[in-house]
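Next, two complexes with chain A in common: one pairs it with chain B, the other with chain C.
Up next is the complex of A and B:
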């Protein structure tokens, strides 16, 4: 019977433990108010912000569209409160609403342009510390007020915040905007020389409907917005950061125009510092692409034509990168992380220059070499109509 | 013919030469049951011999008694010769007159009664103090048919029946080895059930046979009605959730297990034959695995193992994730779960407990319902009830799906149905208390328990733990038969190789 007393002891211990702990940390799903997106705006009053939380109404998500479209059929609702900082505002939400805010599923944090110029880190510190929030929420700056952008009902999605998330992700793949998560922003701030860059979204009328589109990059100095870069310049950022996976380069040649689609690419960035303190950044891009559209007289089944277009594409990419880097140099914003690269390779030089990096950054020269290879020209070799200009 | 005096009949009571006394003794033992027949007759020259046949109607083949016992005695002319009335004429009766295949001689009244109860007819002859016990067993029995609990697509469809001799014959037909030994014993005071230990001499471990024999002989009970009784008396861990003795209804499975070095226990009166020792991995093996192609068999094995885990863990994981760890659920799924829980009056755990309980009730009821209604209250019926519950707002739709998957997955591994059902409830309760941590504790406890379980000195989780690489060929995967050349480790220590291993020479020689 010795085995049995051990069994009884174990059962008794288990029952006691159960009674002690109870159902610790249990919370039912229907006591949560799932927040999918946050918007931060300037509010009237000193140092106050208006936070908009977009929450999901789960019972309306899978419901088919009713015959009479009503407001109450929407799958989300926005709530705004004014407070001094994020922590206080979120507690105001929790106090006023019937359910506590559940921020683990938030997809985007939209920051109004005005607030971005004032400095945003103090409002994002809460999201970085809270154990429930995710560090991979997308950060974005919007033109106008975040509250308005988050109310725009998208055509295909049911929740605006998810739509903004998809827009940002798609834009990143198409080389029209950068993609910055909260963790990327934080690591850019931790570096002493890098300037963070956030994508910009705005409302644009696409035909008859309004839609949220992303358009370029916002450049920050520490955590204050200082300027914008266009879509073209964003492309250079993606080239240098080795984030190009698809995209089109438009080239103009004497024999016509061509669109060259990039299939894959790889960028290697190296930094050199010679004895006189001159810093050169070497960018080496290789990749493959295919001809996606063409007008003119060139026949791409012949190698000379292929060489011509490759040369044109390489030139185009090189020039665009050079132009963008020059623009950022004028803005004194090192969004590419060249400072960190220098720190890796030449820490002594970096230590001397880091206190005044914005002027040192202006003096950096670039040595770009692009080598794109053509894989094919699609289904056709010669265009169906060879237009002689 | 009643004698005066009450003699209590003990094991030592012997027959006397007086037929009247013997008859009275037997009548006293049997009481006044109507199916015990005493047929008196005379035979021999001038009807010199008085004889009585005692048999039990229903257990014996009456035609055999008529034609094989009474007819030769009554009509045979041998004993018409008066010179044969000497002292050894009784022996002559046995050797020359009784045209039956199986005759014994007994003197003990108790043993006579036991034999009669097994379908023997007792022939008492006046002047002779021994009784001839003639085997004329014949009773209504079920024909050999497909076992209802283990049906296969490919493979033999015979199943064991309740008849002991038939079962042994089915095994003999599979293993035509003279070393196949059948050791029989009677267990149970009142039921006298014949229990046989079947093994292959020279193949099965001697220690295993000794151990089984010892445990079987130690059983002191008054009834053995089914092999389950034997199982519970001889097993290593009666309180464990997991059984350490396997049972089967199919002779090819039993034969395969005997050939791997196990011993089988056949119990009269039940078609379920026990095999010992049993490994955990056996519950996921089926006879069909060895008859179909290895790749397909491996796929089936993996599906079975996954189904077992699904069936045991699903309700617990659903409760843990939706009550404690919402962060682990992908966002889109979280919306669905949240939508389904709106308006439901019970917390997640109560919902799960109600559904699991309802499913067990339906399953139990479905077994006992008459066949006509039984089909209606099947899984489909359960789902309809579930749908109605969702419409009424009592439970959420994902919960119905979880329980349906649990139910269906549970039937994939029927051997572990009983342990799975209890384990499911334990894990559900643990998950409702401390979430995923509770599930981990439950699984860890189960693992510790399984690792320490031994089935007749063979570790229960072998070949996975302790690791036996040769045994792995028949665990989660099913390697081709040619490469499974060793029997499972721990069994058949004296003859571990199934077939000779061909040492492959390089091409060119041979």
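Up next is the complex of A and C:
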């Protein structure tokens, strides 16, 4: 009997040894090529895309460029392939490189402007389906070719894709860039009325160096790019979407100008539909801000002056929202998701209007109320430069 | 005649039922793809309906204290018809085990280990279940508490981490789908996670105080239903309209967790939790199959047939569906009807016939 148990134990150990050591899905870090970003461009061929994958060279990340100037030791390299669709193109990388492409760590997908005009869903489907890719990767449209913008070497970061990610995130904090994850884009596509909006990046010369900066918003109809919105309109989008957490509003005062820094804000959007079928969107913004700088000599330390500046800020925000909504109404693109809001609150009205939403969207009126409260005026009560009497 | 002398407490049964129901938490897409943003309400309604069905199970079980489903069938229908009905149940239990094992396979090969061959994953998984079944029912159920607490913690953390991604507008429009979809959805939730509890008929006789049965079973349903409700509400709030197109919403929503790039990519922990819960669920179904077999063939102990049964489960799981899509279609459209035959209709008939033939709750059990 005792012999038998020993035999069982030996068999069990043998089975475990054979089953637990080998693993089909083992992927060692040194056999992977970690992609941090993808660029999608239109290729010269008729229906083909050019995909740029940006991969890190881990050994070079912490190494400063101390060696001779000829020797490049960038922490990344870009590879491009041309193919019919994303899946085929991504497989081409695996065919041609010594390491497998690992896409779970990708931070951004940059889409070239030309490709965006042609429609991008078919190229993003792979990223939505693949088990490795993540739904929270950032999407952005770039001026010109994605391939080019991804090879602009940033000054402070070592990897362009990470830099783009940081630029987008910083821009989001500064109200200059919307932030659209892959899942947000898919969600907008699934909606019958909402038009997706992606941030735009471009190359701009900052002094001596070229750098990537954000530049407004790209507006889509379904998955096709139809137009751009300026930075000012991006702010309006963020106000309505309740995404503003900080940023600056510039106001024109009777005497001089003032910069009003938003500390926090909250937007509530409601929708109203009266019997005649007129749809009114109610936007209610509340928040706090600081007087961060001023041009001119006006004294804002007195309560009436503070009320005056708050009023000016409120008007400014209100007008910029109104203007931007009008612009999107002309573009027939409901980027704010008012259609979904109508569906949520008045599903019966929505059912009647959804087939011709773009004309219904144009008739929407807005009722905006902004109420910012000043929390302080920085370290100064009054400007140092006093008014000359 | 008892196959083993193990006893379980009412509390263990409660948590076992809770964890058993949670074993289906990966499969919320069956419901979410049908009733979308109103699914949370359907969970509540289904819970009420399940209360009635559970009540029926309890009444039936208490009429025959210390007897499991197969013995009840023998008594109510006579040994020949009873055996035939027991064979139906046996088939049903096998299909339950195979479907759930298939879900493990789909999940692991779809999300965690895409290149590993399916059979290897299933063999290892069912082997562990077999090991649990051989340890006996009380050992198995003791872990119900641990697993329930584990899932409460995981769910709690995931909800806290996801609060910033939740949009409560996603629950609207409220009740704006055709009535038929709601009926289908209620049917799915009642039959798939809740009333699969019919396998516990093989465990009820082990309870140490039969009087506590009602309380512990219904309380178990309450735990399971509350958690399922929270999971579905979380997924709807986080994923919005994309819940309808994702194949595993509850996994996708935890993948979104990102607290300023520090707490992020935690989904593999949740994957382990899902697998642990499925392990618990399959073990219990497995145990029910083995006991059913032992009863039908009048064995003195069930242990020798554990591994054989496991092999049958693996093979059955491997051949059931050609693709996960077929599996999802079955889950949303066929299973709710098919399973209700065994989970609702057969127990109801048994109960009615038992009533007609005059089986009463034994007096001594009432007095005790």
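Please note the rule applied: the second predicted complex is superposed on the first by the 359 of 389 C-alpha atoms of A that agree within 3 Å, B and C clash if a C-alpha of one lies under 4 Å from a C-alpha of the other, contacts with A are read in each partner's own complex, and residues count from 1 in each chain.
One rule holds for everything that comes next: a contact is a pair of C-beta atoms (placed from the backbone, for glycine too) under 8 Å apart; a residue touches a chain by one contact, two chains touch by 3 or more.
None of these values were measured; they are calculated from a predicted model.
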In this superposition, the partner of chain A with more touched residues, chain B or chain C, is B
### Message
Contacts for A:365 in the overlay, against chain B (first) and chain C (second): which applies, first, second, both or neither?
### Response
neither
Considering only the touch criterion stated at the top, classify A:344 as touching first (chain B), second (chain C), both, or neither. second
Practice task
For A:94, decide between first (touching chain B), second (touching chain C), both and neither.
Solution key: neither
Exercise. Taking the superposition as given, does A:25 touch the first partner, chain B, the second, chain C, both, or neither?
Worked result: both
| query | Which partner does A:136 contact after superposing on A: first (chain B), second (chain C), both, neither? | reply | second
Next on the checklist: Let me test your reading of the model: by the given contact rule, A:301 touches which partner, first (chain B), second (chain C), both or neither?
Outcome noted: neither
>> Looking at A:59, would you say it contacts chain B, chain C, both, or neither? Reply first, second, both or neither.
In response: first
**Asked** After superposition on the shared chain, which partner residues are touched by A:190: those of chain B (first), chain C (second), both, or neither?
**Response** second
The intersection of the chain A residues contacting chain B with those contacting chain C is 23-25
Listed in rising order, the residues of chain A that touch chain B in the complex are 3-4, 7, 18, 21-30, 32, 34, 36, 56, 58-59, 61-62, 102, 104-105, 107, 132
Within their complex, chain C touches chain A through residues 110-117, 120, 124, 169, 172-173, 176, 239-242, 244-245, 252, 255-256, 258
Seen from chain B, its contact residues with chain A in the complex are 239, 322-324, 326-327, 331, 334-339, 341-342, 344, 347-348, 432-435
Per the touch rule, the chain A residues reaching chain C in their complex are 19, 23-25, 131, 134-136, 183, 186-187, 190-191, 340-341, 343-345, 347, 350
